[in-house]
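For clarity, chains are labelled A, B and C in written order, and residue numbers in each chain start from 1.
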Amino acid sequence: MTPIRLAADRVAIAAITVVLALVPLTLGGSDHYLRIATLMLIYMAYAVAFNIIFGHTRQLFLCLGALAGSSAYLSVVLVIRLSLSPWATIPLGIVLAALLGGAFSYVSVRRGLGVIFVGIVTLVFSMIFHNLILGLRDWTNGETGIETKGLGPAVLGGGPTSYYAILAFLVLSLVVYHLLMRSRAGTAFQAIADDEFAAELAGIDVTTYKVLAATVGSALLGAVGAIHAYYGGFISPTVYALGSVDIVVLVTLLLGGMGTLLGPVLGGIVFTVLDEAVRPLGRLNVMVYGILIVVLVVTFRHGLVAMLRKRLKIPLP
Amino acid sequence: MIAILLDGIVQGLQLSLMAVGITLIFGLGGVLNLAHGQLAVLGGISTALFLGEGAHPVWACVLGVLTSGVFGLIMDRTLLVPAYRCAGEERLLLGLLITLGLSFVVNGFLDVRYPSVALTLRLPTPSFSVGDITIRTASAAVALIAVVTFALLFAFLKGTLLGKVVRSIMQNEVGAALCGINPARIRTLIVALSAMMAGLAGVVQGLFSSLGTELGNEFTSFALIVAVIGGVRSINGTLAAGVLLGIVNAFASYYIGAYLTLLILLATAAGTILVRPQGLFAFRT
Amino acid sequence: MSVLVGVAEIEVAYADIAVVRGVSLEVHEGESVAVIGPNGAGKTTLFKAIAGMLGLRGGSIRYQGERIDRRRHYEIVRRGVVYVPAERELFPQMTVLENLELGAYASYGSRAERLKFVLELFPRLLERRKQLAGTLSGGEQQMLAIGRGLMARPRILLLDEPSTGLAPFFVREMYRQFARLKREGLTILLAEQQVPHALSFTDRAYVLENGRIRLSGKSSELLGDPEIQRSYLGVA
């Protein structure tokens, strides 16, 4: 990667860190808004994960919530049942998510499944996850869910401490993203996204790189899922449902721009603002998201980052 | 035993009816319609609304199905146009996302505007006997409707020129254009037809239980699964897969419980896609 | 003889790269014209442009004096410009008869009569009329593709490399049928790599190389041209 691109990335990450660090100061001490802002960070992290899996290697994983939820449930249930420390169970959750995601990717690439079939398989997995959670109610409390207040690491207990801890995690994910994309893997991803067949012919090991992207992305999902569980104070199938996680991530990345560094962050900010603006509409908000998706996908497909690149004539990362 | 088998067949026929719309749109338009369940729900809800206005039940159902059809037509002519401009995978993805968004719009709208409207249809006689077996009239009605619909569909596709035109586009869009066929117009016809089949499936569901907005996504998911297992381009396959899954579901639910059965069916679906992506029954269209 | 198809200075591009540039040609009613040239010269691109399957970046294409380069492909077929591609593009899971039936979709007049004509021209197809198109041999598929094209009652038939992959016996047979069609007044535009056949069958020919017309003239004269003989006829 050229020095300028590397520098651009670093500047972007630094800018993001600074801007987001200042956000709590603008919220006037409101706990409510702080929570919203913290959740915004969490969803940005989800988006970074999906960005790696889909934005860069075109693997349509429609099971983001399920992967995150698998990690979360594993971690929480082990903490409750076996009285283990969350610091011990969170890595287990991450490993689970990474294994699942990597497996889906591996089998799909091996079988030569197109984007759509990957989407359907992962969608089916979402349904399996949902029904498993509902069915294993002895362990998971089914539809009612599990309270997680006080179960997790103290740093996720709430308030400004949690915000900054989660911000640190988000920045870490962005750094991982940056390192991944600026490495040889990143170039491979680009080639694969452009034309998988040609990449294969050019000698790129498509299988390894796709599985790598899926595994890293899924591991990240696992981590965010666990963080979401302990910070949120509550887990249930609804928290990790398609309509709660996948849709939000999709809109976020469509807004911000797939395959870009700033995409998840910009998209996350715009989405949160929109979400708040739409809140008084009550349950009509679902309809607004739907309209947003359709409009974005048809007209604004490449997101804010692409648009800003053209307007400002800077190659934003 | 026989009772379970019959029940399974009826369930299966209903599943096939649900799924055939997806197969038609995918095979012809190259678009995976994730708003399929919403089209079914629209059919059911509008039927309920017509009934509420005092319409005769049969007319209400017909109008409900037609409403779905109209909606499908509008969807094809407006929202899907950007997708049709692309080809292959681009079109699939774009179509998928657009219909996904649409499903949210419809869900959200119905949830807010008609939150408590649900369709329940009651037949004059709840059941009748044939020999030793008591048959629910609803089951017989559904089976009859499904069989007639599929028979008509096959007759249309195999027997009429228009049907052959449809099949030709499904088999080779370029070839069809070479024959002077305008694929867009035929596509609109098929999308409208598929929407009506979804609407019919929705109305039919009203015979068994009450059909409300919340069933939309479930519908789509099941339709997708059946369509994929049967071979997402093959109508024969969809019919066969639906009936098979219905029978398996009926027996499995009886012996090992509904919940576990669902998991097994889902796992089978995932397994089928991974092992034989073209579907278990990919016969000729 | 009036000009049936007039191509004027057209440029066709694939992803920004001009594949055909500054090409002009004419086909008169009742004529048969060949376009010869090596692989990748742009013959198929040229044909696809005439058939309305590709857009022009410059120039115009007229059919019976009317511009057709902005029209959709299926509209052009209805006007009588029928394209039979090298890939054939048949309907594999439909029978020979059904494939032919569909070929007549855009045409007027008695389908049965036309079918009789085509089946007479290609008796093999009559024999195999109930067979699925996907199970036919290469030569039979080619015949079916041409037969399907003929069902549309074309004024002009664009044949793209009809002899590709066919055994010599088949090729001779096929050209015999072309000769018959020619006698009946059908205008034919032919792209071929099998130069001897193409030049002996047609009235005039164009040589397309690298997207441009290098030579044109009477086929009989080109046959005798030493350069052509060297490049395309394997004569040292």
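One rule holds in what follows: a contact is a pair of C-beta atoms (placed from the backbone, for glycine too) under 8 Å apart; a residue touches a chain by one contact, two chains touch by 3 or more.
Everything numeric in this text was worked out from a predicted model, so none of it was measured.
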### Task
Please identify which chain has its centre, taken as the mean of its CA atoms, farthest from the centre of subunit B.
C
### Chain whose averaged C-alpha position falls nearest the assembly-wide average
B
### Task
State, to the nearest whole Å, the distance from the C-alpha centre of subunit A to the C-alpha centre of subunit C.
54
### Summary
dist(centroid_CA(subunit B), centroid_CA(subunit C)) in Å evaluates to 43
### Task
For subunit A and subunit B, let me know how many angstrom lie between their CA-based centres, rounded off.
33
## Note on the structure
subunit C touches at least 2 other chains through residues none
### Message
Taking the touch rule as given, give the residues of subunit A at its contact with subunit B in the complex, in rising order.
### Response
60, 107-108, 111, 113-117, 119-121, 123-125, 127-128, 131-132, 134-135, 242, 247, 250, 282-294, 297-298
### Interface residues, subunit B side, partner subunit C - complex
161, 164-165, 167-168, 171-172, 174-182, 284-285
### Query
Can you list the subunit B residues touching subunit A in their complex?
32, 79, 82, 89, 92-94, 96-98, 100-109, 111-112, 217, 221, 224-225, 228, 259-260, 262-263, 266-267, 269-270, 273-275, 277
### Message
With touch defined as at the start, can you tell me which subunit C residues reach subunit B in the complex?
### Response
53, 72-74, 77-78, 82-85, 89-94, 98, 101-107, 132, 148-149, 152
